[in-house]
Amino acid sequence: MTVSRRTGHAVAIQSLCKSFGAVRALDDVSLEIPAGEFISLLGPSGSGKSTLLMAVAGFVDCQEGRILVNGQDITRVPAERRSLGVVFQGYALFPHMTVAENVAYPLKLRGVSKSDIARRVDTVLDLVKLRGMGDRKPRQLSGGQQQRVALARAFVFEPGIVLLDEPLSALDKQLRSELQFELKGLHGRLGTTFINVTHDQEEAMAMSDRVAVLKDGTLMQVATPREIYELPNSRFVAEFVGHAAFLDGTVAATSEDRFVLESGQYQFPIPDTGRLRAGDEASLVLRPERLQLVDRSSPEVRPSIPGTIIGSAFLGPQCVHVVQTDFGALKVSMPSSGRSNGLDSQKDVAVVWEPDAAIVLPRYA
Amino acid sequence: MFLKGRARLALVALGWLMGAFLLAPTLIVFPIGLNDSRFVVMPDSLSALSLRHVTNVLTEPTWLTGVRDSLIVAVSTAILSTVIGVAFSIGVWRVKARWTMALTAILVAPMIVPPIISAVALYHMWTAIGLYDTWIGVILAHTIVAAPYSALTVSASLALLDPRLEQASRSLGASRLRTVADVILPNIKGGVAAGALFAFIMSWDELVLTLFVANRVVYTLPRKMWDGIRENVDPSVAAISALLVLLTISVLAITHFLKSTDPVRQSH
Amino acid sequence: MFLKGRARLALVALGWLMGAFLLAPTLIVFPIGLNDSRFVVMPDSLSALSLRHVTNVLTEPTWLTGVRDSLIVAVSTAILSTVIGVAFSIGVWRVKARWTMALTAILVAPMIVPPIISAVALYHMWTAIGLYDTWIGVILAHTIVAAPYSALTVSASLALLDPRLEQASRSLGASRLRTVADVILPNIKGGVAAGALFAFIMSWDELVLTLFVANRVVYTLPRKMWDGIRENVDPSVAAISALLVLLTISVLAITHFLKSTDPVRQSH
Amino acid sequence: MTVSRRTGHAVAIQSLCKSFGAVRALDDVSLEIPAGEFISLLGPSGSGKSTLLMAVAGFVDCQEGRILVNGQDITRVPAERRSLGVVFQGYALFPHMTVAENVAYPLKLRGVSKSDIARRVDTVLDLVKLRGMGDRKPRQLSGGQQQRVALARAFVFEPGIVLLDEPLSALDKQLRSELQFELKGLHGRLGTTFINVTHDQEEAMAMSDRVAVLKDGTLMQVATPREIYELPNSRFVAEFVGHAAFLDGTVAATSEDRFVLESGQYQFPIPDTGRLRAGDEASLVLRPERLQLVDRSSPEVRPSIPGTIIGSAFLGPQCVHVVQTDFGALKVSMPSSGRSNGLDSQKDVAVVWEPDAAIVLPRYA
């Protein structure tokens, strides 16, 4: 494995705007990506994440804004002169070429000598664990192998930036989680900047240094996976990166530095109000795995909501119980390791949580 | 269930009847062409079959010059139509959405104009610019009719081509032209060959246009058949028809085979 | 980049040239047909344009009987072709995989046989069974040529139909026949209508077959044009050509519209 | 909601065989489904699960075997006379009919009076939360709404059995988990027998009373979700219904009733040997969430394997660490609630587990 560790290029996206007719696919998007970072653009379909990637790749012309690579403006440079590695959705392998010819193609275009091409193709096929597959045609390979060829072809000419457009979406569940780790490992070894597009929040969190969440062409939040999950800045992000229940109410102060959320007859402690002040409308965000179920009659000092279990499901690693409460149906996820939890349908319970397990959000964020 | 069985039988019978109805004009030329009689009749027994008319057709010089002229025109038309068809459809494929409707209209228009009208129009144009009854005139006239079919065949192949292949090629550093040569053409070569064969058949079969734009210099096989029928009805025409049907079926089989060799199609 | 701009310009120019080349025979009939001259020439100024020949065509009885005969034949052909095409393609759609190749061959065979051969063959058949120069004979001959196109059009609509719609209908309790009426036909009605229009145009444009299987009883428009040209070259033919081109374009536009109303297509 | 609670029909599948050319799609499949059960047929693509469902629906003719409904042989009954509700993949709604017409169609075919049809369509649209949507065309509805129409149409004529062919596969992640609970609730209210096909193990476990796992046309295991996950009877089932690591070795007895698995220098206790005897080849199956990581130097009485962390990923509810060991890369899944686990890459750790958290399997099962 003699692939040299290269330093990736930095990307700066400045006020990018793109409309398709009346639809605003990108609405003033600015994003700084430091060299060597693995960043994922995450969002539902139509959020503009693919448009953003294709703008960087050079296949979407933007009406406004600039794209810089290592400080150089590439906004008007044609795609073939940008020297970016791109892994397309569905891989876009050349069906009439063998695996080796596919991988050799960018080197051939760059006038690399035949012996150098052979050597470098071998090296990179080793890197993606496809040694000895060079003579096959893409259609003779499995989905996971095709994906590796696409990676090899995008890496072989040592681009400073690699763009990945839903690289794992065509693969089945088991293979996907395996390749997530491989891709992350590859990124670590190469040091290239990776920009990855996905609609799968788990994939984004598993692989990325930072996640950029998009919605309707706007950047909602750019942060590490842990921040995105534990400190979402909006209802949309909180819901999109995991299950979330929302308790809506009004912030009230019980003393100088203690705040509660008042909602009907309930008062819930707020861990950290941030910029919120007494009187503001706000929501508490509760994640299913941070909730517990207790007997309703047992004394409880933690915040709690009474409810009735209306459904339970065994999901393997965890059990999910759905509890009907005054705030609607709340999902509670618990480890399934205990043989039986003694939690039957129709049972009266209370949903409780540690005060600092709740996330507070301004209501209309 | 019993009635269903009967209804099914009736339907199957009806289906075969329709098939026979559609195939009749194709098949009837075989018994007539292989008949031993001097007249155009069905052979009355198996012993009345002979290759007499087939041999006649294959040895008589006027039939042979017809074959030669038809070949020259059809091959030239196929080449010209293919070049135009490939250029046109790759252009349309690139431009996409916005102009597709207009371009398709340009493509389809000559296909739906009654042949007699194209023939009249071309007769006027060609006499005006001195192309009447010249090789180039006949080939151009045939190309005008055949090129849209080539273009449609190539377009059908292109429609199956993942547009990301072009993007992939360019992202790897290939210019647009290089991409056409290295990636697009190799992946639609079956469609291109099929389009060329299609144009060849169109030209080979063409009669009405040829009647109007050619006279003595270019004397194609269908024209010879036309004149042959008008002069005296003899079974040679049926014999050559039978040969042509066989030829056409072979060509079609090859076309089908070529189309199925597109790597893009195979991987679907 | 400069060269690229130039190359692009050259390509665009070439594209338009090709378009013009393909469209020429369609468009040339307009100036000739609208010319004020008694002879077939291009008008030399805008003031030389007139509707004289158009009016002539629209009032002269022999043109009008041609239109009438063509309409009768084309409408009958369209109806017959559609019935055959729908029955045939629903049958093929049901049977699937195994027989598709053979059935497609039956469908395509009449499309690739040189028209002159079909014409000769049908001439022999029709004279033998007494259908020569009868309405039914001409309509059947046209149907043999047009039905495959109807069937292909309907098949194209059916190919877009989710086969699970039929299964869904049957799982809800509908018999096969009921399913065709309630579910399949309503979802391909656009394709059926387009197929009918397609057959109509085929028949409306048909010349060679008609020359062979009809004589005086059935006297279609293309035949009248054919005879008109051979008797004396007058711009009326160009005028009616212009009218026909306009008509054909309208019909095509309607076809396109109808096809796009298939509910199945819309939901894609 | 005046939908009467009906009793579902029992289904018995007896020695069903179906070949497509040389491919054996169903290989002697027998399965008893009691009335009112929610059973899922789970397997990868090509496992025969859809073929089995379509055989019950009447769209696949089987070469051998019988299908009984409430004891009556329906093997040769045409599909339209079986009176089964079928929800097709992609829903197969009639695009030319409105929602109400779609739902009314099976009633119309059964000659129900117009007023009765209107009443029953309204009732069932209420049931699937589509009140007031009757006049829309299917294409005007979202994916989730279309799915509900398909359910309504399959339920409205009160079939004793409802067949579902990947009913949720076209929906996005968030909606899918929501509809899983709805579908399960609907099943509870109606009492109809549900046979569901899916390739998603989580979906199968979340909704079903029992799960039938198929592979290459053969039934591998039929059991409750918990049994399938905690007591898989084969390597295939263990891997397919969740992540699993396998430790291969030989069974050895340390005393009359204590057994260990010997593998190289390691000895791991076996919780319950079942039919295994000393000398048999066997594997221990380890689930990522039943493993823990500890400092390698700390004393440990539990079974343990030393290793080095080669990758970590934050996935929201849990963190996954990949540990390189003598048995390959093991995945360890831990709750992410602690702010930092102090587990960095390259750190030397030991993977430990409670002895009864491991599952033992004969090696070649």
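Note that the chains are named A, B, C and D in the order they appear, and that numbering of residues resets to 1 at the start of each chain.
One rule holds for everything that comes next: contacts are C-beta pairs under 8 Å (C-beta built on N, C-alpha and C of every residue); 3 or more make two chains touch, one makes a residue touch a chain.
Computed from a predicted structure; not experimentally measured.
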Notebook entry, point to check: Which neighbours do chain A and chain B have in common?
Noted result: none
Notebook entry, point to check: Which integer distance in Å separates the CA centroid of chain A from that of chain D?
Noted result: 26
Item checked: Whole-Å separation of chain centres (CA-atom averages), chain B against chain D -> 54
Next item on the list: Let me have the rounded angstrom distance from the C-alpha centre of chain C over to the C-alpha centre of chain D, please.
Entry: 54
Checklist line | Overlap residues in chain A, where contacts from two or more other chains coincide | finding: none
Next item on the list: Enumerate the residues of chain B that touch no fewer than two other chains.
Entry: none
Note to self: Which category does the touching pattern between chains fall into here: line, ring, star, complete, or other?
What the structure shows: ring
Check: When you check every pair of chains, which ones turn out to touch?
Finding: A-B, A-D, B-C, C-D
Next item on the list: Would you pull the chain C residues touching chain D in the complex into a rising list?
Entry: 162, 164-165, 167-175, 178, 182-183, 186-187, 263-264, 266-267
Margin query: Applying the document's contact rule, which stretches of chain D touch chain A when the two form their complex?
Written below: 44, 172-174, 177, 180-181, 184-185, 199-202, 205-207, 225-226, 229, 239-243, 287-290, 310-311, 313-318, 320, 322, 333, 335-337, 357
Notebook entry, point to check: For the complex, which residues does chain A have touching chain B?
Noted result: 57-59, 78-86, 88-90, 92-96, 105-106, 109-110, 137-139, 153-154, 157
Checklist line | Touching residues on chain C, where the partner in the complex is chain B | finding: 11, 14-15, 18-19, 21-26, 28-29, 32, 40, 84, 87-88, 91, 103, 106-110, 112-118, 120-122, 124-125, 144, 147-148, 201, 204-205, 207-208, 222, 225-226, 229, 237-238, 241, 244-245, 248-249, 252
